[in-house]
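Shared chain: subunit A. Partners: subunit B in the first complex, subunit C in the second.
What follows is the complex of A and B.
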């Protein structure tokens, strides 16, 4: 068993870093995307909504093929690893924009008014009043997405990134012991997502206690 | 320890006793003037061409049936609900309403207006993620640029005066409704407003808890704060106000001193409304 575990676990680095980079990229890009989707200017709003829906509607594997085999090979040369990060980063941005939006909507409209009545401008209200309350809803949603993302990244193996799934596939082809190898790979995915789930539970409980709406 | 909610105005003091309703000098300075204020909400004319004035230090109660536009009118005063037309003048600042893109009041005008006006909501609207003390200091620091120590000093003074010195470190959820509303009053007063707006401040409270809030408001009135109060507490309105405005279908139906409006209303509609609320 250990003879398989060694080679497969070499893929952990790729799986974890692609997940982490895509998540960070998405968390950042999700903000302007959210702002655009709430823009008072209709064309901007429509374009942002279209992007958000499009990114989520098309399966990640299709985006990866478009990026890696389509764009990358014709326009710029893009390696499999950065293609994976960019692809999943953009998909994450769409999901995060929706998660941020749900967070904002969870805060009573009257909290904006209470802030405005005190003379705070919109950015100040967002930073000091609405944002901190929205986080309570954003964190569990973001953690759920991060765990989903971790599993979704398995498709990067099809464009040749040496992640856990890619190495498990080649190891099973080499040895023929597919069942055991993929059970091991499954166990590795569970172990990787466990800390995420724990962090989500813990911060959620803490925030609930602090905010107690 | 100051024993006032409102910083002393540089006007002649009548001594240790706070100036009561009756001792107030007549013919004071104009504090609020609404001219032709109208506001449509969802295809419904919520406020129709309302013009009102209120002198400094006076208390105006706004009464009327549900849906009459009382809340909307109050929200027009500080542009939480920007009027479609008309103008709002508060303490030397005049903002003309215009909803046309590009012609709307500038953010700086609104900031000037809101700096003079404090508002208390029916459902308190404290910030649930912040302690009581932080609720009262936040805007002092961000809007008035007071430093943390000054803001906390002022906040503790005000909390003491509304009877909540021991709640400074509690969170809103740990306070009763009456306590939360008194914190909300302290939060608004911390910015030294010249006009206070109250939208049914006791409607969400049991009578007992409402009484705590009303006594703080009475204190404020005695100290000479200019106030516009939307209320269903007719007894309080009668005792505390200098003028009573009756609204109906977005317009002012009747306005006058409480003795007149409550005892000898001119309009049949006012009489019916008062009968309905007083003879329950």
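What follows is the complex of A and C.
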């Protein structure tokens, strides 16, 4: 069993870095996407809505193929690793925009009004009053997305990134012991997602306590 | 519009994509047919009073949910034959994605079963119904109605998950698109059309799920 664990665990670096980079990219790109989806200008709002829906409606593996095989014939050609980060970064942006939106909607409208009554402008209200309350809703949602993202990144193995799944597949072909190897790989994913699951559970429990008060 | 369509691909290439889409939809249907009853069963087992049954079911749910669907699919399609159990690509897809679906939806069913008021079970008991018939005729129908919006939402994820079957050479939509791309070298065009097909199904269904959800919360 240990003979397989070594080779497979060499893929942890790729799985973790792709997940982390895509998550950070998505958390950043999600903000302008959220702003656009709440724009007072209808065409901007409709375009943002369409982008969010489209990014989430097409399976991630199809986006990867478009970036990796589709763009290969055009001017910009991407390697598998950057294609994976960019693809999952854009998908994450759509999910994060929705998570941010849920956070904002969870804060009552009166909080905005009270802030305005105190003479704060909208940005100040967002930064000092609404933001800190919204973040409590955002963190458990973001942690849940991060877990889903970690597992979704397994498809990068199909375009040849040496992640946990890719190495498990080649190890299984080499040794003929696929059942054990893929179970081990699954176990590695579960272990990697544990810290995120703890964050989700802990922040969610705190949220419920805060709301119950 | 049709001139544009003809410019992009040949008629038989559209036929090939559509046949792939049909396979994707067929796999989605079979996975739901196997996975949803499994999810319901797992929810009941997790709620069981017997500790070993409940813990065993919970462990199964956590493992089948915790590993990526692609890993589970590879385990079934590449791992089982090495132990002497060979499945066709379709059977492997339905088994692996079905187990995954069962594990995920068991959480939806569990929440829905808990959301049925206790008084309903008590009322059924006072009418002289056995526990099983109370569950079947009183609790389950109400739980299904509560679970419906989330189950519809999850079925989109199942449909998207069928694209993973590319890895096991099942001729679903993505496999067909890739195959057309590899003969014509017009990957971008054909993959974009395939993506549009996925979106054309996923977006309306997710809007329907959202509508169901809003209607449900308006009623409560």
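The definition used in the following text is that the second predicted complex is superposed on the first by the 200 of 213 C-alpha atoms of A that agree within 3 Å, B and C clash if a C-alpha of one lies under 4 Å from a C-alpha of the other, contacts with A are read in each partner's own complex, and residues count from 1 in each chain.
By definition in this document, a contact is a pair of C-beta atoms (placed from the backbone, for glycine too) under 8 Å apart; a residue touches a chain by one contact, two chains touch by 3 or more.
Everything quoted here is computed from the prediction, not taken from an experiment.
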Open item on the list: Going by the contact rule set out at the top, does A:1 touch subunit B (first), subunit C (second), both, or neither?
Closed with: neither
Task: Greater residue coverage of subunit A in the superposed arrangement, subunit B or subunit C - done: C
Open item on the list: A:128 in the overlay: touching subunit B, subunit C, both, or neither? Say first, second, both or neither.
Closed with: first
- [ ] Using the touch definition from the top, say if A:42 reaches subunit B (first), subunit C (second), both or neither.
- [x] neither
Open item on the list: In the overlaid three-chain picture, which partner chain does A:116 touch, first (subunit B) or second (subunit C), both, or neither?
Closed with: first
Open item on the list: By the touch definition at the top of the document, which applies to A:59: first (subunit B), second (subunit C), both, or neither?
Closed with: second
Open item on the list: Contact-wise, after the overlay, does A:157 reach subunit B, subunit C, both or neither (first, second, both, neither)?
Closed with: second
TODO: List the residues of subunit A that touch subunit B in one complex and subunit C in the other.
DONE: none
Task: Residue numbers on subunit B that touch subunit A, as the complex places them - done: 78, 80, 107, 111, 114-115, 117-119, 121, 123, 125-129, 138-139, 142-143, 171, 173, 187-188, 191
Open item on the list: Could you list, by residue number, the parts of subunit A that touch subunit B in their complex?
Closed with: 108, 110-111, 113-121, 124, 128-129, 132-133, 210-213
Open item on the list: Give the list of subunit A residues in touch with subunit C in this complex.
Closed with: 53-54, 56-63, 65-66, 69-74, 151-155, 157-158, 165, 168-169, 172-173, 176-183, 185-187, 189-190, 193
Open item on the list: Give the list of subunit C residues in touch with subunit A in this complex.
Closed with: 62-63, 66-72, 74-75, 78-83, 156, 160-161, 163-164, 166-167, 174, 177-178, 181, 185-188, 191-192, 194-195, 198-199, 202-203, 206
